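Following this line, the structures themselves.
Look at the two complexes coming up: chain A is in both, with chain B in one and chain C in the other.
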Partner chain A sequence: MESDEYEVMQRVPLRERPEWSDVTPVPQDDGPNPVVPIDYKPEFVETMDYFRAIYVADERSSRALNLTAEAISFNPGNYTVWHFRRLVLEALDIDLQDELDFINNIAMNNSKNYQIWHHRRWVAEKLGTDAADKELEFTKKILSADAKHYHAWSHRQWVLLALGGWEDELDYCRELLEEDIFNNSAWNQRYFVITRSPLLEGLEAMRESEVSYTVEAILAHPENESPWRYLRGLYKGDIQSWVNDHQVSLLCLRVLNTKSNFVFALSTLLDLLCHGLQPTQEAKDVVAALEMSGTVEPDSDLAKSVCFILEHVDPIRANYWRWRKSKLPHAT
Partner chain B sequence: MEKSNIQKMGGLAAEKHIQYILTVEKRKDDFVSVVMEHLRMSGAYWGLTTLDLLEKLDTVDVDEVVSWVMKCQHESGGFGGNIGHDPHILYTLSAVQVLALFDKLNVLDIDKVTNYVAGLQNEDGSFSGDIWGEVDTRFSYIAICCLSILHRLNKINVEKAVSYIVSCKNLDGGFGCTPGGESHAGQIFCCVAALSLTGSLHHIDKDLLGWWLCERQVKSGGLNGRPEKLPDVCYSWWVLSSLIMIDRVHWINKEKLVKYILDCQDMENGGISDRPDDAVDVYHTYFGVAGLSLLEYPGLKAIDPAYALPVDVVNRIFFGR
Partner chain C sequence: MTAARTKTQQEQWMVENQVFQLFDLFADLPRNAKSALVELQRDKHLEYLTKGLKRLDPSFCVLDANRPWLCYWILHSISLLGDYVEHEVEDNVIDFLSRCQDPNGGYGGGPGQLPHLATTYAAVNALITVGGERSLSSINREKVYMFLKRMKQPSGAFRMHDAGEIDVRACYTAISVASVLNILDDELIQNVGDYILSCQTYEGGISGEPGAEAHGGYTFCGFATMILINEVNRLDLAGLLDWVAFRQGREGGFQGRTNKLVDSCYSFWQGGAFALLQRLHAILDEQLANYGPQTGVASDISGGEESSDGTQVDDKTCHFKLGGTNASCPVNLNSIGYNFVKQPGEMEALYHRWALQQYILLCAQDMEGGLKDKPGKRRDFYHTCYSLSGLSLSQHSWSQDEDTPPLPNAVMGPYANLLERTHPLFNVVLDQYYEAHEFFDTP
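Moving on to the complex of A and B:
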């Protein structure tokens, strides 16, 4: 859109442009003797002085729209300019598809900016369900550069809830997790989909297939915090099923048997024991083997042994594990 | 002289940081000065609170700050990020906090500010940031903190505000910006502090959240804001304050965190950065110093983890002089 004409390099000062000759710029008022004086670049000062003039005059015209584009190119965080731009857009009855293109250009370099996302949502909301595909594509593009982009995920969740487009979302999560199994945002989105998608049957119906998926992910990288928390989340509100599901305790033992990257496996085993899991002989043997290979004194109480080991293998959180130990019910 | 001061502070280059804060906005032709223009109110809060924690607030001319702050107020009662900018709840809290630092809350028309903030509460209990309606748990905290400072919490529906925040709780015990949003240490601070200020901490699974928060500490001693992200000094504040409010701060390694923050100082020109050897800014300088204050670093005033103001300021607000 118009913003491309005003590249900073060949910028013609506003005071030399005939279409602005009737406007008197309004300078910034920092108070008489500013405590925190800011020195700005002259092009920025001039643009803002003209912006202030049209803002005060409440001029909702196409040149005002162009000027907001220029001001935004200097500082995309200036929310007042964005606000005024929306008022102008409303007044001019402009095709909002063009506005999405305008945001695309700005967003590529300024995607961490709250205003852009808020503006984008305002436009998408006005366009309605027709915008769903375009919005999902847009966030996909941002996420392809930064797969944990908080604003992009937040926008994407809003699009799904408000405009729909759930069909491919679980596949999309799988794709992202294939690229990076450590991506906590993608795990969070996966949980969002299985608990909220109107096309799926809800958490309990999804549990079996999700548990298998998660177990595989954990076995590939047992040091990955996200799937361990996801696994626990699959049994939300149903701790008994979690304790009784052999897949969970078996998973812990399989990881512990490898004797490497086992902190989350061991802490999960600890949680299971605290919630009443009766340890098998195999579990006792596996933990004993870890004790043998370390400097830890064997203890007859399995949960206590687990805490001892955790305290030693995860020393930065030693206080946490000591606290867990102090909270254990007395051994029988 | 400066050197001996650094020695005295045991590693914190306090004098350098004071100089940095006092001159930060005077740099010419700086990209940062352009992007800071619209959030100068928050910049003022970060800088002035840092000065106060370093016991140097008296180097600032109170009347000048107060008159500038009041010029940013609108007819609606809300404050803009600078003169001539639209009102927003973000800058309204910063303005109230700055006035509180100087014991100047009496210049405010309290009902007017209250009406602005209370007017941003939505039917579901959430808060919008301004008239354009963006919703985020950050704004819930801001509204609650602001009205609590003004003794006007009774002007909003606290019960609904709390239930909205609780609806943003995740399976890991943390909180996101809206229901279903990923847990993020910054959002967690906002939600925990809002629940703390409304006496609603019982909605939090403290052990689960405490564990998630202490898992944020990485080998270097620094804290990240989400799993598998890089550590950043600002999380010293978001994570630590949350841990303190839920009484689990002893679960992290404090010595290592202190060292990480000190490693992020610019020993030459003052200021603190996100990670060692990066460029400093006011935001990270504030969060670094505030983090050290929470860690009871010597020579710093204590800061309140929920109000994000020095404890003596909070005491003055609630218990008088």
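Moving on to the complex of A and C:
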């Protein structure tokens, strides 16, 4: 603790560093009465004044590189500094492996800005396919702390598409979902893999096994929206197969039979009916049973009944379900 | 015995506990104490906002590349509250933002910084909010146009800045700025629709980049962009609506993604999507008509015949229904934003407005001024801006037209909670939007 403080105190001001003696700092042109003026720390002001000097002079030197690192440590959101750093890196022909380490350090404290990820992508792109493993590891590390980190997932998807490394991705999704089946980002990544991995045969070929996996996840937690949306996604662009696949309607009925956590089952059934599913007697009975247990009036039109029930059991979306009811295509 | 909760369940459970505790507390209060709790703390909010315009503490160093955003968040919030800043402060805003304007077009995050699309959007919206000839004429539209052209990619999408990232946010900020400044043209919109379309995910919402997860912020950005470029009928609107309808949780507020926590800023991003959908009634109906067993292909064909014939299409739906390429129905791209708010909303808002307002007023308000993400978080200008924007949309969502004020039962708490109306595509207060529209309309 004490030694850390000591190190912070030890920052030598730029104006006292001999290697900067030839540079005249350029103050920020904030005008006489700036709005949203920030009460900058003195070291922030000094660093940015020197940065402006080399930026205006377009000095692509190693001291400029070091200075951008200091400026970034004060504000990793300054895209102008990052941009200039890339120009310097290109001019100096620096080993970009070191640059990855630099980003690792910045990302430890502040991984939620667009700039570090854009920069990371730029570096990885230059390094090429050799960087794939390291990038996948890096995102894995970020995701182990925050499994829904939007930037990390985007970066990971870019790595897979641009540099490869698909081999273990489906397993990775499985792992994350085992840990937290409610992690929608992991479901989204799974969808990304099955639709885009060059090692797999595409959505249609994967459908059967994915449907089984998803059905199992739904039965374990019918209140989990993620697998319900994923299930629908498995039939994207092929609604007829979705309507005709008995597994889907059977799943709905199984969940509805339990009479608990059935909102997604019911809304899926509604969508099926809207897309032309001819309801079986069993479906009608199951829905009727839900009506009996509530205060809902039975209706001869099954889709209408479903909307009625949803309106009552899912009151936060009552407007939506009423609207859906008003838009039902025709009597089913 | 139930299985151990996952992280998602655990976090959700904690937030629900906090929120419901507040609701329970509220429910037990006598009537007058209740009404005090859901009162919008106007004076406190204004004080917090006005102070921010004048001085920000050192912790704001990390927002040093977002100063036009700070201007916009603060000024727009003040404007929603029906107030103005002093004349002198307005001059200071104009002067400061002029120093952020790049000689080659666009605005950077501070004086001397690279021009950036997001800060350009923020600066332009802030200047429109200030209003007046001096403010509006300080924007160099020709140069902004050149900047937008420079950011335009062959794929159709936009980069945020020179060699910067490409995403849906960049598309929205570019198109919004161009539209509001009356400089939108066919070249700028070319292939933008293809890019946005490639970001609508299997869930129904829109992601930041193709393949990523559906997200409230990007959904609003992508959706608004599609409207502004007159290609909204290409989106699966029923799917989008279903996704966004499920983003409202038991807490009353919206979450940004499936199975994530409620956050007051989505009152605008998700609530805004509802406000947009309200005016796209005709297209939604048309898309729904293609559902069902005997429709599908057959109805697609008949629909196509109608459109290409041109005679069956009435004026009102015309400019939404057809792409800009259809000569039988020429579209002035730059009047889309104007016409959009001028036509009456024909449909009720399809979310629970009352629950949203309760979340904002009870859970997101800091009684000392400003609004926050959720209970236990700290206030900030971003959440203040987007909570108030969402609150305004919610209060006004049932107004048949702009001249009829909302009924008292559309406004939770005292009627004095009513905020100014905001434009659901650009998110600037309507009066200031009209002034800007008229100002930039003259060629």
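FYI, the second predicted complex is superposed on the first by the 315 of 332 C-alpha atoms of A that agree within 3 Å, B and C clash if a C-alpha of one lies under 4 Å from a C-alpha of the other, contacts with A are read in each partner's own complex, and residues count from 1 in each chain.
The definition used in the following text is that a residue touches a chain if its C-beta (ideal position, glycine included) is under 8 Å from a C-beta of that chain, and two chains touch if they have at least 3 such contacts.
None of the values given here were measured: they were computed from a predicted structure.
With chain A as the common reference, the superposed partners chain B and chain C clash. A simple residue count on chain A separates chain B from chain C, and the partner touching more is C. Within the superposed three-chain model, A:157 lies in touch with chain B and with chain C [touch as defined at top]. In the superposition on chain A, contact of A:75 is made with both chain B and chain C.
Of the two partner chains placed around the shared chain by superposition, chain C is the only one that A:274 touches, whereas chain B remains out of contact. Judged by the touch definition given at the top, the superposed model places A:188 against both chain B and chain C. Judged by the touch definition given at the top, the superposed model places A:94 against neither chain B nor chain C. Of the two partner chains placed around the shared chain by superposition, chain C is the only one that A:329 touches, whereas chain B remains out of contact. In the superposed model, A:23 lies in contact with neither chain B nor chain C.
Of 20-28, 236-244 or 308-316, the segment of chain C running into chain B after the two structures are fitted on chain A is 236-244. Residue overlap on chain A between the chain B contacts of one complex and the chain C contacts of the other covers 28-31, 33-41, 44, 48, 52, 55, 74-75, 77-80, 83, 86, 114, 118, 121-122, 148, 150, 153-154, 157-158, 182-185, 188, 191-192, 196, 225-226, 229-230, 232-233, 236, 316-320, 323. By the touch criterion given at the top, residues 28-31, 33-41, 44, 48, 52, 55, 74-75, 77-80, 83, 86, 114, 118, 121-122, 148, 150, 153-154, 157-158, 182-185, 188-189, 191-192, 195-196, 225-226, 229-230, 232-233, 236, 316-320, 323 of chain A touch chain B in their complex. Put simply, chain A touches chain C in their complex at residues 28-41, 44, 48, 52, 55-56, 74-80, 83, 86, 110, 114, 117-118, 121-122, 147-148, 150, 153-154, 157-158, 161, 179-185, 188, 191-192, 196, 224-226, 229-230, 232-233, 236, 240, 267, 271, 274-276, 315-320, 323, 327, 329-330.
Against chain A, the residues of chain C that register as touching in their complex are 6-9, 52-58, 60-67, 70-71, 74, 88-89, 91-93, 95-96, 99, 108-114, 116, 160-165, 201-204, 208-209, 211-215, 241-243, 245-246, 248-250, 252, 257-260, 285, 288-289, 291-296, 347-352, 355. Contact residues of chain B toward chain A in the complex are 25-30, 33-40, 43-44, 47, 60-61, 64-65, 67-68, 71, 80-81, 83-86, 88, 130, 132, 134, 170-172, 176-178, 180-184, 210-212, 214-215, 217, 219, 221, 226-229, 250-253, 256.
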